[in-house]
Amino acid sequence: MQIGKVIGRVTATRKDERLVGTKLLIAQPIMLDGTLTGHPIIAVDTVGAGIGEQVIYVVGSMAARAMAYDGAPVDAAIVGTVDSLESEH
Amino acid sequence: MQIGKVIGRVTATRKDERLVGTKLLIAQPIMLDGTLTGHPIIAVDTVGAGIGEQVIYVVGSMAARAMAYDGAPVDAAIVGTVDSLESEH
Amino acid sequence: MQIGKVIGRVTATRKDERLVGTKLLIAQPIMLDGTLTGHPIIAVDTVGAGIGEQVIYVVGSMAARAMAYDGAPVDAAIVGTVDSLESEH
Amino acid sequence: MQIGKVIGRVTATRKDERLVGTKLLIAQPIMLDGTLTGHPIIAVDTVGAGIGEQVIYVVGSMAARAMAYDGAPVDAAIVGTVDSLESEH
Amino acid sequence: MQIGKVIGRVTATRKDERLVGTKLLIAQPIMLDGTLTGHPIIAVDTVGAGIGEQVIYVVGSMAARAMAYDGAPVDAAIVGTVDSLESEH
């Protein structure tokens, strides 16, 4: 899974009908110190995450499993919010 | 999912028969401010997207789910068009 | 899917038995103007593509669907040849 | 699979219920000489790995197979700890 | 599929039980002229490849198909050894 920060939200009226009712958040990967890195992606929120929160997200086909209805064409889903990152090199 | 802009279209007469009748668009990833980034990919359009539009596309095996017939060899599909991107760091 | 150019062919006598009889081509991604970019990959040809041709190829698990026998350990397959790329920024 | 070093741990109280009880470690890819490289990811530990250990981890949908319950939305799992890396160029 | 060179071997006593008995080789991608490039990965050997050989390897979920027992948590497998690479730009 990836660690990211929620930095925004997408509004899309015209979309696959299986995405209707989903909350599509923009998440960007972060380093362990919280610095933004890489490119933002769009992930379905399944845990009630908010803008500014650090989150854990799954990518690829396993992301679809996070949804109540498993048949949606989804490749990224937020599956947790981060309480703390303990790092030690 | 990725956010991209539709920048073109591919014509391919000789192709897998399950791709016959699909609209193959060229999408390139964009940053939140709309700037093109990364490399263009080819995605099946499932929502009637047009050249110049900002779109949401799914990559990997979940993209095949966006198609009416799920058996096609497809790894990228446009599943929505973007109304707005609200970002906040 | 990716747009690439066929730049070679691999011969491999010792291989998984489900790959026996397949044509393994070397494809390299191209930009819309035809310039080679990125790293070459090996893809199973399913449409009779030849060296020098521009092709569309699928990567990941969906590539296996392009094969007549779906059980092969394959992660890249050429599924079309490009007639034209119309691009507009 | 990837070779990485466990450099930390994530605590996430609010998460997908199928992740409850899993140990979520932060692993970073390493080169053969042990140098850290690339970006850290979060992987479910299935072999009792500890911080500082070199590990083998699987990414993508196959990672979910490493779990006792195969239905979890997981895209990275630690499946072994490294005794030794013998390299020869 | 990728073209790589086998540059080493991993020993891992503590591992997922479905990996017991597998030969875990370290492969690094190569360019067509044989130059090493990118980052090394760990792949299950299914064709009797040896250190120093050029090989074809599959990544992602399709790699698991290369194994006699398809249920293992594996995301990379060597499926052939290269006799020759014919390239033509």
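Letters A, B, C, D and E mark the chains in the order given here, with residues in each chain numbered from 1 onward.
Basically, a residue touches a chain if its C-beta (ideal position, glycine included) is under 8 Å from a C-beta of that chain, and two chains touch if they have at least 3 such contacts.
Not measured: the values here are computed from a predicted model.
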| item | value |
| --- | --- |
| Other chains in touch with both chain B and chain E | C |
| Chain labels contacting chain B and also chain D | A |
| Copies chain A and chain E - rotation angle from C-alpha fit, nearest 5 degrees | 145 |
| Inter-chain centre distance, chain B versus chain C - centres from mean C-alpha coordinates, in Å | 19 |
| Centroid spacing, where centroids are CA-atom means, of chain A and chain C in whole angstrom | 31 |
| Residue list for chain C, restricted to those that touch at least two other chains | 60-61, 63 |
| Sequence of chains encountered when the ring is traversed from chain C in the direction of chain E | C, E, D, A, B |
| Residue ranges of chain E touching chain D (in the complex, touch as defined) | 7-16, 19, 24, 26, 36, 39-43, 51-52, 60-61, 63-64, 71-76 |
| Chain C-facing residues of chain E, complex | 1-3, 29, 31-32, 37-38, 46-48, 56, 58-63, 65-66, 77, 79-89 |
